[in-house]
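After this come two complexes, each holding subunit A, first together with subunit B and then together with subunit C.
Presenting the complex of A and B:
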């Protein structure tokens, strides 16, 4: 049996007296996509911010096990942590403007990420950037254009390219299709899905859209008031929810 | 072999006055390799529920469902995922696909996901599309625009493309004309001849006869 890539035990984070997330335990195996759902304020973003190193939790353990090397994420030095985040993790923000530098060319945004993990050869960086522009269906002739000239959907695809180009081991996505038009959403989802399959990515995705979770996630957790109230296979949680809140959530979805 | 042992299943609807619906009490049956079992009974009796319990989409209250010597009821999520990938094919009643993905890609996907190479997956999928009588000009289009019968055949192709020892079929021959129904029946037979254990819901007598199924009448099997 393979060991989990990520093991979280009793993770808690509060903001003064307000609970962000409490006693979260979960595990994720290589190649799995985990969906996190819950209403706003339920602690979804707090949780992935803790897991991705953007927030320091109050208590708990986060252990990454990558290529048989264990990293005790909350007990390593700041510099080791920075390096780990840079090379092994990636974070796709809901708003692509948070994950990109808008005054740097599209190719520059991608190249910068490559350089951060040690790539120095300009030609290689440019050809890899071109390859990834192609992969996320952005015309390669736009490589020298500034992202401010891109549409919302293109920006999101650029952000995805930037994050995936360094082959991170765990990718966090916070509502990656949240701010997009429905038609553009389908395209981005479709892209994420094909990349997940093709590259066997391990992903933690936050979304309030159950259809997105159903489409992308193998497993899911449902959060309420900072706690995980239900977890399991996505199809199981969505088709046979065991908790009152999950049933309410599932039955509230409109079917077109 | 699939073994369903003393299974109880109910649903509690918390948001509807905690209504409790009991679907099965003490459900028992076995499916041997190569056997085709047809679940029978009126709508609402729980035919699809059985397939979903075996596939792990529904949680059972009590009892065991044994596949490959493993009890689905006690497996972790990732163990069920693995078991599905290596052993269980499930053809749902309706095709669920996302826009923009071609019929060919929909069919190839299960093979690619288990690490088959692209060329091989392509060849197998093309063969199945031909066997299923899907016109060539549709192969590269999204099945969302297809007719009901065409969608159903794509769904079957996706479920049949891998050689898995267990198959769960939810109305695979519904909404097909007689010619295409016979094609599907022959594909199911071929699976059965290779030793696959099959549990299906077949709405028509014709399919059940042709497939020489063993019927399980849920009205008799489950004492409500």
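Presenting the complex of A and C:
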């Protein structure tokens, strides 16, 4: 019996009187891809920010169980927490400019995490960075170019490489294809899907695009007004939505 | 109202380019309460080597960038028995050094010297003297930007956190960038160091050639940043290590020449264009050291 990698119980976060998310409980198993969908303002980003340590929730429990070591995420010291975030978690932002250092070359960006976990050998860092440039399909000759010279899709792939290089245990993605045009979206999605399969990644992905969820996620939860209204296997939820809101969501997808 | 007719009466007043000791100022310009505040910051800084201690930097009668931080630290450490040496880029006779030396002559009437060994307190901009520092000397650096992480993280609240949690990996990104752009670590001055195996510190814009001199030095090294309102320090006999990569070790570079005046081969040199044809001359940047060698 495999135990869950992440257990969340009754997680709540509000901004003054405005509910961010309330009483969220869920679990995530190793190698699983969980999709979070919902309309704008439904609390998706609040939830993922709480789980990844960007936000401090008001109530609830977040327990990570990595290599049989339990981490009570909300009750560890600041230094332990930051170390945990650095080594075990990764966060892919919607806007790659938030997750990259734009004044640092592509290679420096990819290598930063390696250096922050103590790698001090330039040659090794560079060869690993080159390897990851290949993996995310960026020409390795551009390793010394600044990210500002990259296109949107390349930036997003660069951000993915930067995050995956240290093989984190849980990867958070907040609308990773949000700002990209459709063909570039497809390419990034394709890349994420192949990486997920190849490296057996555990991913929590936020999106309002049901196609993205269908393509990537094994399980999904649907949020509305800060609460989870429906959850289950993605195929199941998408084929046979039970809640009125989910039905609306599924039926409002445009078919070309 | 400032009276100027009584200044000649001072007993050991020496005529030095017409700058009289002005008794209307408190000794060394700053008032005693300010000095006390700064000394407290200095003591704290000495207790935590490399840690940047905030202090209430005062307006000084000189512009920021002229060494207002160093001047305040010097003023707070100065006693009437001190012999002061001021250098700017190694030289005793450049504008910045002359102005600050005159400032202290005018406000404290202490002895000054150009000879490194004779000084009890040395304030510097951008160099450490070639003559090794000794026990009981205080060495004050002028610092423009005290935060070594500023290049990577513009938020001060965040850099404070990075220091407190020793999150220094990103510091190597800067060195990585250097190697990838130039094939070697190009940073030639303000080369970051780790002090006492704990805090990463900006050694002020001294050439990296001088970095090894900070390590295990018998003198007290104090750093003052006036505009940024920070003081930090290296107590005597403290380990100071320059950051590097295993395959690109730290290299204290200097120009491959001997000094054209004194012939010294192992001192830091200034490169000077001497004519319209672009001919160059290399001379010691430490004028005191060079003069001594030349006169030998």
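Basically, the second predicted complex is superposed on the first by the 256 of 256 C-alpha atoms of A that agree within 3 Å, B and C clash if a C-alpha of one lies under 4 Å from a C-alpha of the other, contacts with A are read in each partner's own complex, and residues count from 1 in each chain.
Keep in mind that, in the parts below, contacts are C-beta pairs under 8 Å (C-beta built on N, C-alpha and C of every residue); 3 or more make two chains touch, one makes a residue touch a chain.
Quick caveat, the model's predicted, so the values are computed rather than measured.
When the two complexes are overlaid on their common chain A, residue A:215 makes contact with subunit B while staying clear of subunit C.
Touch criterion met: A:111 reaches subunit C, while subunit B stays clear of it.
By the document's definition of touching, neither partner reaches A:19: not subunit B, not subunit C. Contacts of A:74 after superposition: neither subunit B nor subunit C is touched.
Using the contact criterion defined above for the overlaid structures, shared-chain residue A:143 touches subunit C, although it does not reach subunit B. Of the two partner chains placed by the overlay, only subunit B lies in contact with A:236; subunit C stays clear of it.
The residues of subunit A shared by its contacts with subunit B and with subunit C come to none at all.
Interface of subunit A with subunit C (complex): residues 78-79, 82, 86, 101, 104-105, 107-108, 111-113, 115-118, 120-123, 125-126, 143-144. Looking at the complex, you find that subunit A touches subunit B at residues 29, 32, 186-187, 189-190, 193, 197-198, 215, 218-219, 231-233, 235-236, 239-240, 242-244, 247-248, 251. Contact residues on subunit C toward subunit A in their complex (touch as defined above): 152, 161, 165, 167, 169-170, 172-173, 176-177, 179-181, 245-248.
Remark: subunit B residues 11, 13-15, 52, 56-59, 77-78, 80-81, 98-101, 109, 112-113 touch subunit A in the complex.
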